[in-house]
Amino acid sequence: MFKLLFVFAVLILSSNASVQDFCVADLKGPESPAGYSCKSVTKVTVNDFVFSGLSAAGNTSNIIKASVSPAFAAQFPGLNGLGLSAARLDLAPGGVVPFHTHPSASEVLLVVQGSITAAFVSSANTVYLKTIKKGELMVFPQGLLHFQVNAVGFNSVAYVFFSSSNPGLQITDFALFANDLSTKLVEATTFLDEAQIKKLKGVLGGTG
Amino acid sequence: MFKLLFVFAVLILSSNASVQDFCVADLKGPESPAGYSCKSVTKVTVNDFVFSGLSAAGNTSNIIKASVSPAFAAQFPGLNGLGLSAARLDLAPGGVVPFHTHPSASEVLLVVQGSITAAFVSSANTVYLKTIKKGELMVFPQGLLHFQVNAVGFNSVAYVFFSSSNPGLQITDFALFANDLSTKLVEATTFLDEAQIKKLKGVLGGTG
Amino acid sequence: MFKLLFVFAVLILSSNASVQDFCVADLKGPESPAGYSCKSVTKVTVNDFVFSGLSAAGNTSNIIKASVSPAFAAQFPGLNGLGLSAARLDLAPGGVVPFHTHPSASEVLLVVQGSITAAFVSSANTVYLKTIKKGELMVFPQGLLHFQVNAVGFNSVAYVFFSSSNPGLQITDFALFANDLSTKLVEATTFLDEAQIKKLKGVLGGTG
Amino acid sequence: MFKLLFVFAVLILSSNASVQDFCVADLKGPESPAGYSCKSVTKVTVNDFVFSGLSAAGNTSNIIKASVSPAFAAQFPGLNGLGLSAARLDLAPGGVVPFHTHPSASEVLLVVQGSITAAFVSSANTVYLKTIKKGELMVFPQGLLHFQVNAVGFNSVAYVFFSSSNPGLQITDFALFANDLSTKLVEATTFLDEAQIKKLKGVLGGTG
Amino acid sequence: MFKLLFVFAVLILSSNASVQDFCVADLKGPESPAGYSCKSVTKVTVNDFVFSGLSAAGNTSNIIKASVSPAFAAQFPGLNGLGLSAARLDLAPGGVVPFHTHPSASEVLLVVQGSITAAFVSSANTVYLKTIKKGELMVFPQGLLHFQVNAVGFNSVAYVFFSSSNPGLQITDFALFANDLSTKLVEATTFLDEAQIKKLKGVLGGTG
Amino acid sequence: MFKLLFVFAVLILSSNASVQDFCVADLKGPESPAGYSCKSVTKVTVNDFVFSGLSAAGNTSNIIKASVSPAFAAQFPGLNGLGLSAARLDLAPGGVVPFHTHPSASEVLLVVQGSITAAFVSSANTVYLKTIKKGELMVFPQGLLHFQVNAVGFNSVAYVFFSSSNPGLQITDFALFANDLSTKLVEATTFLDEAQIKKLKGVLGGTG
């Protein structure tokens, strides 16, 4: 019996040799609109499916008293093509993740320490605002502006998960002020005052 | 021969009675994540697939000297579920479509009159800026901040097309200032000065 | 200026009235292959986007010394159609989430307390096994068999996130033994011994 | 042990009560761009997932000496939303399935009796033509014109499978000649001679 | 403050270095079912997102008195993977875009000069026919046969937009008559007369 | 006339040179999450779209008295990216395809000889069981456990079709017992007895 079954096993196993259950990112191969190239299955190990980079707190010694540590496909290759990714948020007292969007993903936030006030704004300009406690979840629908603010006097920590392995991250302040877009065009397209724009360009390293 | 073929024709036609080539929006039926319910095929006419609402200029007698007229599935029911929609932009001299995003669609712009300066900003905060002339196209990838400004001293007109029948439209200024989000939270999450925020809240009808 | 801008604001807002940024599940409406029907936007509140059901530990006083608490679209309606959902795993000492699959989603696991030994098996029958500590992530590609076992002598807790708002959950033991599929057919299609099948059918409440 | 496990079983089973593994078509409910509404799970039986309508030969006593019997979601409700459907082709000697397309699906053909000459034409107007014997497969990429012709002097039978539960079927001759499109417009848009058009309109029951 | 914020900015920017907001086509790299390979972001400029090739009229000195100028991903690399593309139609008096399909895209037509009579035919062989004026839109659902005819005595111009960056284009006449498919097989699969087929093969350069 | 039309034909043909109607797998190129790289169109022939490997019976001289012969994209390159694939099942008397899943595809089964008893189990652990005769179809929704057993005293043959060109195949017995997963972990995660596990590991070549 063993012999016959062995024949069967080999047959099935070899027919499976080319099956693509996953596509661990080969960051050096060509990219396609569907993501990174796949690493050869023979080189894949369990470590491609495990990520330890979010276990330590990020550095919050900065102006926003916060940090965002990504675990997208570029950092965590096992996620490539699976429609999921993650990030860790650390918010010191007073910490803020400023208004931002993820161009191609919805997000679910899980508070694991402290408490976080978060909101998103819909296309109809309605604000959906709530303070989320440890163990609670909040969802931010795809592409909409949202922010997170520490709601307590000690460090808060959250993990966020995205519906894409490459969700993108566009922080509104950085998009408006941290590049060479002329003050005149920023003024015309945001209705902000010139002085305000120049001030933020100065702080964020923008020019023009 | 006619008789036999007629039999065949009836057979095929009846088997096709339930085929769903399209799903014209029934705006009063239940909505699903995939879009509006489908209008009964027996009530569908060619007029469901034609839209005249963008043939006239929009009203630009407003603070932005511009108008955006949508032809999304809600206005143009034949688009429902087909992954496409449109809008018309009218820009008077000095006209501006302020910084905005479409949460779930990429956009292609076609200038049909005048000339328009447009830009989008990537997640890496790079600005892709160009003045587009009549007959030229520009593409804005999904979910990224972009704007359009009239580049000439007379009316410019453009049509834009989206990769979704419900692309959404989130104008950054409106999302930040035209609702009841408290000045304090806007300040914390945008780094704008309090006076600036209160000024724009006043102009845009926001409170708090 | 206020007056003109107000006109503009009203115009944009009304054109947005029908925009579908999200589709909060109306659990009583018809379902489609894309998910639940959408609740009317006028009835949506921030509470639809927040879920507190995973903040408390699940009951692990059972044979597997573990619990799985879902936050799928049926429990957390704001997730409907957004391609994301979550669950909480509580594992007492010796606790096990037995071999199972999610028929239509990949999964990312985040350990928030303790340590968990997890593995998935590929189509080529390779085992990808690792013990995951607090703050670490592990990804389980779509549809593949996997399990989680508590790796420490105290309670471990993890949150898992899925690439679908309705990922499904098929526990192999329950699928094989907790129904009326005849012992003879289970035997023929699993190669398990009759006595083994009858024993597990007994434990799990199966018949036949 | 039984008692504890029973608690667990009930817990898991009830949490699964709302899981959507499938969406059997309720042909009387509202349709969405994603397909038919789902029949209540409590009314679903195995017969929804089985279809006997293709086991008998179709009637080939017609001008094309062939028949096409569909098993799309409208006929076979269990397919709804699963991205698959089927049809049976019966070709008497001289039988032909004329040039046609499936607007939203690719097709795989399996010959189960006889032999069939089939071809598709690419966008570059290249013809991919082959005679397929019993047990062989041929694939027709999405939306491209293709035909099937009986290659032997006795009945041939094939089953075809589609990558959509509603693939559609547009037979070019019927689209051109079996409706009220004016002869003048058909002439202008096909370069066929007026006499040829009028002849085929006559045969196929078209007017104008 | 500047120093701290600068640290933050660098951190975020570098984490974004691998984000894939877009995938400009590298026409020389390998293609995947999802489209062309992505050009390195460091080589991408705004010109990849702008296309001027449709600003001039196409040459209508041909038998159809019309021209179709594509702006698909192959011509306009910035569109790659974004689910959108475009084309320009020029129709001289009497000009016709003959019956054709796009195998994998729906289409929206915008008339920018003159007037165009257009129609599509559904799977149920119903004709949806309308004359579209300047500024009006018409949508053609995916994969269905359609045509456009100049409705006025002077040049008409339209732009069309597709729900794919590679929509394909299959002109029925060319598919049937501009290749080496034998007259006998064309006759059998279209019911056209042999003389008609030979005539059109002659005109369109077909053989056999 | 010929000359002018010829100009037109050349123009259209060349504009189509880059159109991607299909993406025949180049098994040696890089893979992406969307499938294999595309073979150059100039090297594609009709043979890429035809597969003869399923016309002969598989070898059933093995312990399961059955064989599964795949026609996935790796075996049948023309299927790549088209969302379809196939396999042939041969079941000798007493033959069984044991419990298995396809991680990323739904399946339709067509019996072409004999009779087959098949079942799938839902997430709610309900069994959908039926004996399918020649010419009948049965559908197995994505990712759910299912099996097929010969229902007659002679050879039965079926063809199955999948909603993916790479559906995967995970046979539960092989996943549990044909690798190096320790007996202790299998015991903990399946509730099977140690002796049972060791017996099946022995038969299937597993270790540990």
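We call the chains A, B, C, D, E and F, going by the order they appear; numbering starts again at 1 in every chain.
What we mean here is this: a contact is a pair of C-beta atoms (placed from the backbone, for glycine too) under 8 Å apart; a residue touches a chain by one contact, two chains touch by 3 or more.
Model, not experiment: these values are computed from the prediction.
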Proportion of interface numbers common to chain C and chain F (over half same, under half different): same
Approximate Å spacing (C-alpha centroids) for the pair chain B, chain D: 35
Chain A-chain B separation of Cα centroids, rounded to whole Å: 26
Whole-Å gap separating chain A and chain D, where each centre is the average of the chain's CA atoms: 42
Residues of chain B touching at least two other chains: 16-17, 19, 21, 30, 32-35, 82, 103, 122-123, 125, 129, 141-142, 144, 168-169, 174, 178, 203
Touch-based graph of the chains, sorted into line, ring, star, complete or other: other
Chain-chain contacts as defined at top: A-B, A-C, A-E, A-F, B-C, B-D, B-E, C-D, C-F, D-E, D-F, E-F
Chain C contact footprint on chain B (complex, rising order): 27, 30-35, 59, 61-64, 67-70, 72, 74-75, 103, 166, 168-169, 171, 174, 178, 202-205
Contacting residues of chain B [partner chain D, same complex]: 1-2, 4-9, 11-12, 15-21, 23, 26, 29-30, 32-38, 80-82
Chain B to chain E touching residues, read off their complex: 13, 16-17, 19, 21-22, 41, 45-47, 49-52, 54-56, 71, 76, 78-79, 82-86, 106-108, 110, 112, 120, 122-125, 128-130, 132-142, 144, 159, 161-163
Residues on chain A engaged by chain B in the complex (per definition of touch): 96, 98-99, 101-104, 117, 119, 121-123, 125-127, 129, 141-145, 147, 149, 168-170, 172-176, 178-181, 185, 188-193, 196, 199-200, 203
